[in-house]
Every structure is written in structure tokens, then in C-alpha cells.
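Both complexes below contain chain A, partnered by chain B and then by chain C.
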Partner chain A sequence: MTKDAANAPNLTPVLPSSRVSVPRLILVFLFLAALFIPGQYYANNKYWLPLYSKYMALALFALSVDLVWGYTGLLSLGQGLYFGLGAYAVGYSLKLQQAARVADKPLLAAPDMALPDFMDYCRLPEVPVWIRPLIDIRLALTLAILLPLLISTLFGLVTFRLRIKGVFFALITQALVLAVYTLVVNQQPYTGGVVGMTYLAKLELFGHKFVMTDMYYLITTILVICFLGCALLMRSKFGKIITAIRDNENRVLALGYNTAMYKTFIFALAGALAGLSGALFVSAYGTCGPDSLGIAWSIEAVIWVAAGGRGTLVGAILGAVLVNLANTYFNDKYTNAWPIILGSLFIGVVLFLPDGIMGGLRTLGRLSMKTFGRLRLPRAGQSVAGRKHEASVLPDTQRPPPAQPSQVPNIQALVTDPKGP
Partner chain B sequence: MGFQSKIVPEEILCVEDLTVRFGGFKAIDCLNFRMDRGELRVVIGPNGAGKTTLLDVITGKVRPSAGRVVFQARDQAPRDIRSLPEQTIARLGIGRKFQTPNIFKSSTVLDNLILSLRSARGVWSTLASAFKRNGTHRIHEILHTIGLGARAYHLAGSLAHGEKQWLELGMLMAQDPELLLIDEPVAGMTPRESERTGELLMSMARKHTLLVIDHDMTFVRQIARTVTVLHEGKTLCQGTVQEVQRDPKVIQVYLGQDRQADAAGKATASSLR
Partner chain C sequence: MSFTDYETALSNSLSLGSILILTALGLAITFGVMRVINMAHGDMMMLGAYTAFVMTDSNAMGILVRNLGGLLGKDWRTDFGLHFNLYYAIPAAFLVTAVVGFLLEICLVRFLYKRPLDSLLATWGAGMIIQQVVKLLFGANLQPMHLPEALQEGWTIGHLTIPRYRVFIAGITLLCLLAVYLWFYRTSFGLKIRAVVQNRPMASAMGISTRRVDSVTFAFASGLAGVAGCILAHLYNIKYTMGNDYIVDAFMVVILGGMGQLAGSIGGGAIIGSGNSVVEKLLGNTSMAKVVVLVLVIVFIFIRPSGLFASKERTYD
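On to the complex of A and B.
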């Protein structure tokens, strides 16, 4: 906004609902491009590359948490449930495939299909009927998205229509994930119990086996596509309503929007994303355990988002990758210190960086702009115009003379005032 | 006065025998209240008179214990809106300005108005509307009227208090409801700002029906034609500002019983000249 335009008596021309800042756009694209670097840099590194693949899958999970918590303000401490559903759907598929390979049987659902090791240990006579079809990875991947989508839709419809929010919402989501965790751990013959499913087959899609760099690029590409989709959605009118609900749900209701449906939609979308990330995580990691259904896991995801910057998509990815890198690093050096470090990190972020890394960077950017620059960030707060604009509330001709000091401000004073004017 | 009422008055809102209980306390006690289309009505009353509760009931935020609230939208049959959800009532054509500024502080001024603009409210139609752009002209007009043109791209949260109040009024204009419920629009404003707010409201009253709640008598005198006084959840009296201020019952309610009603009445009358 130039000084001239702001001082002009008429309003400045207003067309786009939100201005696209080109430097910011370039930064975002650089960031997305940078996500592919580890694939090159660690191309032959059997330690780091799978780890980075894992981080990228977790970054997708962080996006899911960010949509629900960062943008809509619904603190879900149970996103792990949807992650877990996706993880187990693909986990079953890869486990059945691995068993079939070992037994040298075709990859087909049949009553006499090869029994995975954990079912064998538990003396299960044959693969349960409901697990059999999952050997088809295409079906498993579809279910990994559709099942969380369905369950989160139902859950959202019930809770949001009942106007459950805040702490109660957080607690219910947490209780649900805990219930499913207990169920999964107790059904060892069907789920592998606490250990889960290990030694999974490699992900094979369209006749191509995804390992190492292929796997990394697959996950990162999906992450980038989801990022762009979310970014478009959040810039659209829908996204604005979602953030408006976070800011002031009563106002949105009073404007006539059915907020429960909007919240359900975003919760369902986040559920689907979490399912997809669970599926990718298991494919990259080669193991599928009930950890992701544990309470700690869901809370940890919230911390990633808080650390990276709540309500920004870049922040969610950044937070997930950096915190998990730190996790790997510290687990190597001081095995038991991680929970303490994670806790201190969360406290530190809440106290000193309430908007996370992204908030810190934004402040830094603004400061440097002020110091060095002619360019101002579009959202730098105070306008150059100051309070001048008040003059344009009504044309001068219609404006009444200023209020007389003798006018008494309220009825109480008016009636009790013994002197009068 | 700046507004014109219709020649044949048509009822837009009719509240019948309304009672609202919060536990044992009756916030509204068998209240009857009517408004005609195109009217600008001011409701005053001491604290706890049930003014805000009345708005809560009309907008569906609070469910009444007894009574009816009938709203007649233009070209539609009268409808009891007592048990409808908030968003449905809003879509029927009732807009509300809350007592404290209720805006979307992390959206820009422009986005605040765009979200309020009259349009389909469903999830799918919102998703589809990403590819359309309409109402720009109307938004221009409103930005100009509320004097925030130069701040269109500023975050609403960075506005001054008075500007936030105006922004919320602008959001109401964009929403374009038939009946506007406005709760203390000039609270916390300077006399100059509240004068302008008054004019803004009177200009809105030409096309809409307005129900304004306020304490500020300077402001009430500026805008009001008919004033309803609420007390302990009931209508105490109704009339012009002068009539209401001379009414011994009103004076008694505001003063308590141990004062001379006559003397105060004189003071009131003289202050009006």
C-alpha cells in the first residue's frame, strides 16, 4: 500500500480477496524443492535415507494435525487413531505378501493362503476372512484412506453437532484412541499385540518395487501434493471460514454458517490425510506396531506442529522433520533423555515462541525488513495511513457538529443530575 | 429522523408471553414485544433487565422456557423460530451485532466482509465458490461507508476498538438481513465516534428493521423514535424518548424509590431541550 493511495479521500482499489506475495511464494516453492534434497544427498545411505522417508510420512501426519488444531482450533489428541488405521491396513497387506513370498504362494486371497508368523505363533488355523482381501495392496491403500475418512466423519458428526469443544473434545479423542489401543494390544492373534507386525514386504505398486530413493521420492511427492492441496484449500473461502471458526465460532454461526458441518469436513479430511501418512510410514519403516495408537504418539504430533508453527503448513512440515531429527539424534546419544527434552521443548515453545519456528522467522523477517528495507511485509500491522481514514466514515456534509460537552452520557446520570444544563 | 417507516405497518417480529429461566431466576418474565417492518426500535433498561437475553432468544442462542417468537421474513409465512438452530435463524434473515466486537481477528478486514456477504452457506457451495468472484462492488461500498477502505488488507485484530465495532456493523450490512439486532453499538466509543455510528445505523434503518440496545442516552436520543424500557424481564413502558424519560415508572426504576420523582422528572425534561 503506497502512502498516496492511503491518504487519498476515496478508498484504495480492492480486488483480490487476499494478495499473493511473490517473495513468499518463491520461498515456499524453494522449501518444497528442498524437501527432495535428502533423496539425492543420502541416495546410498541405508541409515539416513529410510529415516528421512519416515520423517516425510510423519510430516504428512503433522499436516493432518495442523488442519484440525492449527487452522480450526480443535485440539485433537487422537489423530493417532486415523494414522493407526492407515498403518494397519497397509501393514496387513505387506505382512500377507511377505508370508506368501516365504511360502512361495501366489499373492491372492484364498482360504489356504500363507499364514503370517504372528498368527502362526497364536495358533490361528487360517487367515481370518476379513484380513484376506487386504493382500491386494491397492485395496489396502484405498482402505487406508477411506476407513479413517469414514470414522472421522462419523465421529465429527456426532461430536460437533453436540457442540462438544475445547478440553472435552480433546479428552474424547484421546479416550477413543486409548480404547482402540487396548483393543489392538489385546487381540494378539489378529493384530500381533504389543509387538505388531514385523518383517514386512517392500511396497510394490504397478509392478514397481519402492525402496530407498524411490520410496523417498514417492512419499515426498505425495507430501508435496497434499501440501499444495491444503494450501489451496486454506486460501479459499472455505479455509477462511475454517480460521474464522477458530477465531470466533459464535460470529460464524450468527452469519448463518453451519459450523458443525464445516468442522466435520475438515476433521474428515484430516482423518484421511492421517490414514495416508500411516500407510506411507509403515511402507517406509517396514514394521507396523501399536505405538501409533498410543496416547503419547498423538500428543507428540501436536508438539511437532506447535514447534513448527501452528496454523502454517510449512511450519507443520518443518516441525515434524526437525523434532524427529532431534529425536533420532538424542536417542543415539542419551537414550532415556528424549521425553525430558521433548517436554522442555514444548514448554520452551509455549513460553518463548508461541507461533513456533515460523512465527520466529516471521518476526525476524519483519525486523530485518524494518532495518534494511524499503519493502514492507503486507501484514506488518500498523498502516502508514494512521488514523486518517476515520474522516471517511461519512461525507463532511452529513457530519454533525461534535458532541456538546454538556450532553450527559447515560440515563442514570441524566435523571440523577440535579443541576441540568 | 433519517428513516421512513412503511405506510402500512407490517409486523416482522412478535414475541409472545416469553419466559426464560436460568435456574430459579427469571431473566425474562412473560414478555410481549412487537416490531414493525422498517422500524428502528431502541430497547433500554437497567442491568439485568433481560435485554441481551431477549436477543439471545431471538437468535436461537438461548432456548426459552415458555412463549413464542414469531418472525416474518419478507414474502414468507410467519414462522415460530423458537426452536430453530442459530445458523438457520441467521439464514432466515436475522443478523446480530454482539456487545463486544465479534470479528475474525486473524483474517483481514476484507475477508471479514467477504465471509459475511450474502451467499450460499453450505460446505459444498463454499468449496465451489472458490472459482467465482462476485459482490466486489458491494464490498467496496461497505468499506467506504464504514471508513475502513484504507485498511482493507489489515488484520481485523489490529484495528482500534471503534473500528472493530464499525467492521462488525459492516459485516451486518454485507450479510444484509431483514432484522438487525444490535447490542450496545457505541460501548467504549468517543462521543464523536458514537455520533457517526448513530448515523450509520439510521442509514441502515432505511432498508432494514433495527432493534438496538443501548444505555447511552445521548445516543438513544440521536437515533430513536420509539423506545421500549425493559425492567426485570418485562416491558415497563414504551414511547418516544421524551415520553419514556418523563414516565414516573422509568424514573423510579432508574433512581430507586427513595427519591423525588417530580424533581428528577423536571431535570430530565429540561435536559432534553
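On to the complex of A and C.
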């Protein structure tokens, strides 16, 4: 047993601390502010700015993966499904608008509306009835969020009530995404097949056309809002229960929580976020293809999060941006080397850096605390007179559990214990 | 759907089912018994297929040497080529993939036995590297394969023609099944495997080298994937991404059959294989058949999460 415990992965549960430390808060806000820098720096760069817009949309996708995998411990290899639903909803809309512009027709759903080129190639007589209303971008954007929300809720309800989890959950979500991919590629007249939809119109909302800098700021603002929402949620009691489910679901069940509903909620939320990110990605990228429904896409999204740091929201964004930046850079210079580098990243992160960049930074911070901060800090269990145990001063591991009685009796103490009884 | 359609579907399901069983058999050992997710299993198949390509096609060596030279910036050429037939390629494929599987185990999988989800990610990465290396060495083109003459014809029974190769595939599958059965249940090494799976610390205390058991079992399972790939290569063309098409199906076979049950994987493979062929005949579309079967399997797993042949176990998870 002791040997087992020694061999167990060094994944110390990172709990959201009950008090927000001021330096950390400042760092997070600086990080969020830094996300806006490329919009200024590359303001007139037609190569890099759209790429950064794309990365920001993908960072939102990484947030969704992080909620499900990093915080709840459910490895979903099918987040690409929800991303793809959002992407195709907006893709249809922009494609129909483009076709209408070319044919000089009004942007209205009508039986004689302009046929997009891929439908034309496949000799479809008219735009199918279920695609027509999507020409209205407001409807498309609403659907891009609601449809993934609905499907992930249903899927979550069924799987989590049946207590399917772990490896089975991963493989079932993967099978589902493969089924949808095969379907989409096969139905070429309706979806554009392997190529998908290209030459999309620019996103136009409330009479304003979003291009270049506007687009970048739109996506980054949405990303920051979602980040703050997720951060608040994960710091709340709900977030604690979610992390507790990750670390030991049986105990949370035994404490009387309906874990299936908690997991369904977080899965649905992540589905909606993924749909939104898919929609933004397509409007930034100008192309909507079935790649995002492929198996590889969903697994790669997981590795962005893993590289940045699972279970931290900053890490998800950082990982998504850095890995995709590396992707652009290496694909440009050494096309053949990129799969090998990415594969090595998978292996390296899992073996050597299971908590990702954020985990590495945390270890560094802790080490420097030990080396430089020893004189200033009170040691654990030895409180300085007149000074409370401040959450910000003590490293995570030494922090005493919060004393205030809550509805979750001692759940922090319970979940920090890595093994069972 | 006419009578002959049924017969064709039956004959197709014979080969498809056999290949799925053979692919899933390796996974049933690594995933079902050792509980580690090897996403590189499909790429092991691909390696087996390329081994067969090198063994049987006399141009293959030339391509390999030229690409290798190209990577190193040299102009290498050779006319040398192996020209064995399929019967030699099968054991060669087994050996090559078994060695690669062995290396994969001691370098990577060994550290991840207690973290199945992480093993999934790491082996996916390993699979990407293997694919890219093969792509660099053999090019991205489809490579056609040639059957030995003895297997090209078919036997005619009444008005139905069964291609000999499909029967050959079923035969190889049966042979592998028999080998696995004997190995697992009739040899002392098989006893050790089962002991390690049931209770690792206890087996270790009894003097069994669990590390050796792990790596040899993993290597054997990879070897089985190599055989499957070698056989598959002769049924279709080979490409460096061919493993991706089968990996999800193979996992579904193992889950459908029930974890930890070799017999379950046989049942699962037969059901998915024949289901695919029948639905394909009904719909007249291979891709749609795949979609329908995948969705049906997912629904089935929802209804019976423990699979067809569930092994009874009580665990605190």
C-alpha cells in the first residue's frame, strides 16, 4: 500500500483557495489584459492578427475542455462535436450570406434563395428547408450555443446517470464524434463533405462588420468574460464539489450529493462554451471544415490544456495559445517535423509535467518561497502573534482547512487525502 | 435485399469480423486485461502492414532507402528488394510489431499503468510519431499489395463464390485465437499473466517479475495487431493513416464484448463485423453503415455498460 502511494502520480489536488490572494488576483488581471496586446501590436498585420483571433477562439475551446477534464476529471474526447456544431451553424449562415451577396439577393430565408457553391456542385435543386433560416446570423449564433447545450445535456444525463466514467466515457465520446464525422463527410450535398465550406462572408452583427482588429477584440472580450465566469464558478461551492468529484467521486456521493447532476451541468456548460468557440473560430477563420469533428482535433485540444496546466483556467488559455503558435511556426518551417514534435509533447507532458506549465511555475514559486522567504514567513502551525493564518502567505499544502462551518463538512480535508480509506 | 445480397454480406462479414476480432484481440489483452489504453494499437497494425509491404514487394526497399537518404541529405539508391510471399510476411509482421510494442512498453507505458487516461494521451502521441516516421520513410502514397496466386481465386458453392483469401483470414484468426488461448490458459507464463492481473503485489511477492510479464504481454498483444495489419494490407491498400480507421472500432469491440473477457471480444468482433456488412448491404453505403453501427453500439453500451459477457467483479473504484 505504501509503495502504491509512493508510485501514485504526483497530482496533488489543487483546490481553489477559499480566499483570493491579492498578488494572484493582480497576476490574473495582468494576464487577461495581456491577451489584448496582439490586437494593438499586430493591428495592421494581415497574417498574424487573424491567426491570433483564431488562437483566442481556440483558447475558449480549451476552457471548455478544461472545465470537463481539468476540473471534473472526465476525459471527453468528443468536445470537438460541440465545437463542430457551433462551427457549422455559423458556417451555414456565413456561406448563405456569401451566396446571397454574389447573386445579389436579399439576406432572407426563401425557397428561391441563392444556392451555395458546394450544394450547386452536388446538384441540389434548392437550399434544404432546415438550412434556410440559418441565413439570419442572430439565429445561427443562438443555435451555435443552444444546440451543443441541448445535446451535451442529453448525453450527459444519460451517461452520468448510468455512472459511465473514466476510460469508458472517453471512448464513448470518441466513438460518437467519429460517427458524426463519418456522417458529415458522407453527406456532401448538405455539408460540403471533406472540404467543408470555404469562402465565407465576414461576420456582420448589429450592422457592424467584424474584421481584423474588431474581430480580435470581439473574440478576446468574449474569452475574458467566459474566463471570469468560469473563475467565479470554480471558486464557488459548486466548483469545490466539482473538484471533489474529480478527486474522489464515491465520497462526494456518500456525502449525499447527486454527482450525476453536477457532472451533467458542467458537461452542458462546457458544451455551450465549445459551441460558442466553434462559432467564433469559423467567423475568424473564414472556413468551416469537418476537421474539427475528427478524433485528432478533440485529443489535441486535451493536450493544449495538459501542456498549459490542467485544472487551471489560465493554463488552458496559455496552453492553447502556445501550442497553436508552435503549430503555426513549425508547420511553416518544418512541416514534416510538426507531428513528431506534437507527439513528443503528448508524451513529455504526461510523463514529466503532468500539471503543465502552471504546475511547473507553481513548483518554482514554492521552491523560491522555501529558499528566499523562510525568514519572513511563519512556519506551519506556528502562528505569529496578532496575525491570522493568511491564505496568501502559506503555500497550498500547509494551509489549515477553513474553520467556518459550511454545508460541506470538511470537504477540503476529505478530498486532499489522495487515497481511499 | 435479395438472397445473393445476404450471401455476399455473410461472406464480407466473415473477413471483416475476423479482422476486427484479430485487432481487438490484442486490445482485449492490453485494454481488457492490463487496463492500459493503447491508442497506438492502430499504428501497430499499420507497422505490420508496412512490414508485409517490405517483405513482399521488391520495390519497397528501394523506396525506403531513397527516402532515408533524402532525410539525411544523401542520394542513396538500391535495386535490392525482398520478394517473399504472404506466408513469410505474417511472422515477420508479428516480430517487428512485437519488438516495437516491447520498446513502447519499457519506454512509456510502464510508467502509466495506474493512470489509464494519461496512457491514452501518451500512446496517442507515440502513435503520431510512428505515423510520421513511416510517412517520412515510405511516402504518403497508397501502396497496393499483391496476394499470392493460391489465394486469389475463390471457391464456388452453388452460385455463391467465397474468395479463398477471406477463408484464409478466418483461418489465421482462428489460429491466433487458439494460440492466445493456449498461451493464457495452458502455459506457465499464461498463469503468471493471470496472477499479475488478479493481484499484482501478491504475484510480485511470489517471485514473479511483474515488469517482465507486463512487457512480454504488451509485446505479444502488439504483435497480434501486426498480424492483423499484415492481413488487412492484402485486403485493401496500405497507407500510413490506416490504423486510425480501425482503432475506434477495435475499442468498441472490446467494450461491447466486456472487459477482461477474451471470449467477449470474439463475440463483439463478430457482431460488429457482421452488423457492418449487413447494414452496408441494406443501405448500400459503407460510411453510413459505419455511422449506424457505431451509434447502435453506443446505445447498447448505454443499456448494458458492462458489455455482452460481463465478468463479475466487485471493486471500489
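Note that in this section the second predicted complex is superposed on the first by the 356 of 421 C-alpha atoms of A that agree within 3 Å, B and C clash if a C-alpha of one lies under 4 Å from a C-alpha of the other, contacts with A are read in each partner's own complex, and residues count from 1 in each chain.
Basically, a contact is a pair of C-beta atoms (placed from the backbone, for glycine too) under 8 Å apart; a residue touches a chain by one contact, two chains touch by 3 or more.
Just so it is clear, the structure is predicted and the values come from calculations on it, not from any experiment.
Asker: Considering only the touch criterion stated at the top, classify A:H208 as touching first (chain B), second (chain C), both, or neither.
Answerer: neither
Asker: I'd like to know which partner A:T159 touches here: chain B for first, chain C for second, both or neither.
Answerer: In the superposition, A:T159 touches chain C alone.
Asker: In the superposed model, which partner reaches more residues of chain A, chain B or chain C?
Answerer: Tallying touched residues of chain A, the top partner is B.
Asker: So in the superposed three-chain picture, is A:M261 touching just chain B, just chain C, both, or none of them (first/second/both/neither)?
Answerer: Only chain B is touched by A:M261; chain C is not.
Asker: Who does A:S236 touch here: chain B (first), chain C (second), both, or neither?
Answerer: After superposition on chain A, A:S236 lies in contact with chain B alone.
Asker: For A:D247, using the defined touch cut-off, is the partner it touches chain B, chain C, both, or neither? Pick first, second, both or neither.
Answerer: Once the two structures are laid over each other on A, A:D247 reaches chain B alone.
Asker: If you lay the two complexes on top of each other, which residues of chain A touch chain B in one and chain C in the other?
Answerer: 250, 420
Asker: Once bound in the complex, which stretches of chain C touch chain A?
Answerer: It comes out as residues 37, 108, 111-112, 114-118, 120-122, 124-129, 131-133, 135-136, 201, 244, 248, 251-252, 255, 285, 287-288, 290-291, 294-295, 297-298, 301-302, 305, 316-317.
Asker: Could you list, by residue number, the parts of chain A that touch chain C in their complex?
Answerer: Going through chain A, the ones touching chain C are 3-4, 7-9, 75, 158-159, 162-164, 166-168, 170-172, 174-176, 178-179, 182-183, 185-186, 250, 295-296, 299, 302-303, 306, 336, 339-340, 342-347, 349-351, 354, 420.
Asker: Flag every residue of chain B that touches chain A in the complex, lowest number first.
Answerer: 44, 59, 61, 85-88, 90-91, 95-96, 98, 102-108, 110-111, 114-116, 121-123, 126-127, 129-130, 133, 136, 139-140, 143-155, 158, 160, 166, 171, 175, 191-196, 199-200, 215-218, 220, 245, 251, 254-255, 259, 263-264, 267-268, 270-271
Asker: Touching chain B in the complex: which residues of chain A?
Answerer: Residues 1, 5-6, 10-12, 14-15, 17-19, 232, 236-238, 240-241, 243-244, 246-248, 250-259, 261-262, 265, 378-379, 381-383, 385, 387-394, 398-400, 402-403, 407-412, 414-418, 420-421 of chain A touch chain B in their complex.
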